[in-house]
Amino acid sequence: MVVIEKIPGAELIRKVPGGGFFLTTSESFLKWGKASSLWPMTFGLACCAIEMIATGAPRFDIDRFGAGVFRASPRQCDVMVVAGTICVKMNDCIRRLYAQMPEPKYVIALGNCAISGGIFYYDTYSVTKGTESLGIKVDVFIPGCPPRPENLLFGLMKLQEKIRREKDAAR
Amino acid sequence: MDATQTKDIYTEEFLINMGPQHPSTHGVLSLELTLDGETIVECTPHIGYLHRSMEKIAENRTYTQFIPFTDRLDYVASMNNNLGYVMVVEKLLKLEISERAKYIRVIIAELNRIASHLIAIGTFAQDLGAFATPLFYCFREREKIVEIFDQLCGNRLTYNYMRIGGVLTDFSRDIEEKIKKFIKYMRPKVDDYDWLLTYNAIFLARSKHIGVLSKEMAVNYSITGPNLRASGVKWDLRKDEPYLAYDKFEFDVPVGKNGDAWDRYKVRIEEIRQSLRIIEQAIEALPQGDVAVKVGRIHKPSPSETYFRTENPRGELGFYIVSDDSVYPYRLKIRSPSFSNLAVLPELVRGLKVADIVCVLGSFDILMGEIDR
Amino acid sequence: MLSILDIIWVLVIGIIVLGFIAVSAMFLIWWERKVSAHIQSRYGPMRVGWHGVLQSVADAVKLLLKENIVPAGADKLVWWLAPFIVVVPSVMAFVVIPFGKNLIVKDLNVGALYLMALSSVCVIGIFMAGWGSNNKYSLIGGMRSAAQIISYEIPLILSMIIVSMQASSLSMQKIVAAQAGYWNILHPNMALAFIVYIISATAEVNRVPFDIPEAESELVAGFHTEYSGMKFAMFFIGEYTNLFIISAIAATLFFGGWQGPVLPGAVWFLIKTYGIVFVLMWVRWTFPRLRVDQLMGFAWKVLTPVSFFNLAVTGWLLLK
Amino acid sequence: MRPDEISAAIRAKFPQVKEEAGTNYIIVPKESILEVSEYIKNPPLSFDNLHCITGIDRKEKIEVIYTLYSIGEHYGVTIKINLTSEDLNIASVSAIWKSANWLEREVYDLFGVIFSGHPDLRRILNPYDWQGYPLRKDYSNPQLIAKPRL
């Protein structure tokens, strides 16, 4: 009952016989729409970006799941795929990009570097230790260095599942 | 800001930030452009958004432990990076590897060169506005190479296949067949690109005489690889300072005439053809024997310093390695080709249009992973 | 005096047209994704409905739910109005599109002129979007768009005039009727006019190879960089409606409109229109983009002289 | 020309230049880097390609190493300059070889060697407001977590 609650008169509809059914059906319809159309941002940081393009390319074809519209402008994206190593110099930029995205927005951390720094955890002075250390909440972590395209597709499906089960009113 | 003030109209240059997140900066490059209308007055690249301090890491890893990190330098041509690094360590250790390993390295390196050039061509076309189709065609072909590598070493992008003293695993019979099949498959595809892109009128109009890099300038800026050859300098380490078994194969070094964006593209297309030739010869003449010299995992070279460079798809990748009497390198300097190639960009784009900067940048085929290291 | 029946009639027509526009735009978006996917040896949307037919519905639902961000420095009024000004002319253009013998909202006697007038309103919306966003990329996109659309207007109109001269009428139905049995495209001068028309029309709707106002690889997303949610969707709908309109005009002016054997007129009309749409999509997913100065040069140095020449020849042929 | 011949040719012209023991690297005093560069850039040696500039922190001194090649003549030379930690100033060669511009910026960024006469000596890889010179052996940073050694 997330989106529907915001509509004035939702309480009224609920009181009508069958109104609850109508509300839940529309809610799941809206969630279906949200889950089936996750537009990622064209935002490659490092190695994983190549695998992200490969996921969009013929053999794997992320567009089958409705997520093939890579938008370059953060205003039109739903999911930020953090694909690659986050460096200190890039921190503010990523925070700003995340802030520029309109709600509801989701974050996929693709690859070990985006999760924790990965193989660049030790002995480096310029690598941020993961997306979460920037204060950005990550929805799906996809490990691998780099993850295979199948993993990204699986991660996407997990995100879709998560959206369908969503209860968090903030979203 | 200098503004030209006439009676009541005055114009002003304006500043635009391209990147770090921009579809055609090939990763996280940031370009600060001063524009006069659509014309570029000044271009200042800001790099370092992917500075992962590889050189610091190298000082704290053993010689073998650093091989996986080289994968992530130029992540489109990981095998070539592996090769460059293990060869410098072998030079430091004065290690001689077997003939079969040499041939396998040549085949793998050339396959990866093709994969890398495919991405270069695809992204260049994408930058020129041929949205996604050429890029996806290139990825389709690249997928075949990746499949071979996947079977060989179990990863699709970061292979970690070369070892100090040889390679990780021998070819199975199956792989030789696959490579042969790939050569047959790839040849007509390269001709397809000629149909789709090379002689397309719009493509020619966009890339001919754009970003002309003269011979002298290219050498002075230490441009290497296909970009240097496109400017008309016949310089290829595989021919001029042959390493591995390159002196045993017949191949041409394609050279451009004008040094413009189109020439840089065309040289890459031709190099794919030449690489196919090399692979074909190498796979025919593949000698029998071991693929790796038995050496331990820990190496302890005597204190010395060595520089070695190999011909990477993007230019000459050099490693300057300094050893002390420990199992860690004292210092490892990575001389990455894209770093020098990018430095020339501000000179080339002055006076061009915004659309051209994307074209010039795309034609240089830079990769932030190895620029920032 | 308007009677109550008239008002109902207008409402019904309005709803039908709007419904058609929405469905057509959604269908075209889905179709474009499928066409592009198959050109690129992929499948495209597959998971929602049969071969992903519901993909556009899902996209629309998603975009409806998105937050509507207004940039801090935006020129609010201009920014809000821009998407409407892009969409409204393309909706209005439906008034004179003849779908069948009697299937036309209103057969204005200045139909062709009306279309010409409408086609240049869209640029105001795009320029407003570019100006109002307070974003430099948008501004460049808007500027480019204004320059481009104004230049391509001239060959576009000239090639439409040639057809009107042939039919000696500006009414769309009369133009269709004049082509009974012998389509305009079969005349050599009309074929030339068609080529000029289709090139200029592609430029009018900002599609590759003339998509410089949104030029993804240069300007991120051009004039709609700052738009999110439903406002962005309106630009999308406007773009695809325009695509439908220009193809429909091409079908009407050059391919005999709704005329054709056996099948009903409306079916013929849609077949022809979507055929042209398909060709435009095919072009889009094949060609690189022109540069802004080449684009202007092409309009002024090639297309405009050619259409003037064509106009003179047609006039001579008619007077002969 | 073989490496030793090149080294001999340069030493013949500049007596202050020395050869490193065991290798053919030539050691140039930092005062004469400009004149040596000027000489070897032009014929007869014509080292037209400054390939790489490397810094090495040897704790008591910092070495700057120039790797040069000649495209036309197919040979190379390595020039070494020793800098003491007190005085890290050195003349920039970016007017002679354009490629030195970014390479010198990188050495400045990572080692703190100051190239006087450089047109635009800013940090290049690290953020412009970064503190310290990361590739020096004594560099420390809270971000820097050392991996347990063998």
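In this document, chain identifiers A, B, C and D correspond to the written order of the chains, with residue numbering beginning at 1 in each.
As a working rule, a contact is a pair of C-beta atoms (placed from the backbone, for glycine too) under 8 Å apart; a residue touches a chain by one contact, two chains touch by 3 or more.
On a predicted model such as this, the values are computed, not experimentally measured, just so you know.
Between B-D and A-B, more C-beta contact pairs are found at A-B.
In this assembly, the C-alpha centroid of chain B lies 25 Å from the C-alpha centroid of chain D. Mean C-alpha positions place chain A and chain B at a centre distance of 31 Å. A separation of 61 Å divides the Cα centre of chain C from that of chain D.
Chain C has its Cα centroid 42 Å from the Cα centroid of chain B.
Residue positions of chain C with contacts to 2 or more other chains are 40-42, 216, 220. Among the residues of chain D, those in touch with two or more other chains are 125-127, 134, 144, 146-147. Multi-chain contact residues of chain A (touching two or more other chains): 57-58, 72, 89, 122-127. Chain-to-chain contact here is organised irregularly, matching neither a line nor a ring nor a star, and falling short of all pairs touching.
Chains touching one another, given as pairs, are A-B, A-C, A-D, B-C, B-D.
Interface residues of chain A, counted against chain D in their complex, comprise 88-89, 121-127.
Only residues 33, 37, 40-48, 52, 54-55, 57-69, 216, 220-221, 224-229, 232 of chain C touch chain A when the two sit together in their complex.
Of all the residues in chain A, the ones that touch chain B in their complex are 41-47, 49-51, 53-54, 56-59, 72, 74, 84-85, 87, 89-90, 93, 97, 119-120, 122-127, 145-146, 148-149. Chain A contributes residues 3, 29-30, 32-34, 36-38, 57-58, 61, 63-66, 68-69, 71-73, 75-76, 78, 100, 102-104 to its touches with chain C in the complex. Those residues of chain C whose C-beta lies close enough to touch chain B in the complex are 36, 39-42, 136-137, 140, 144, 208-209, 211-212, 215-220, 284-294.
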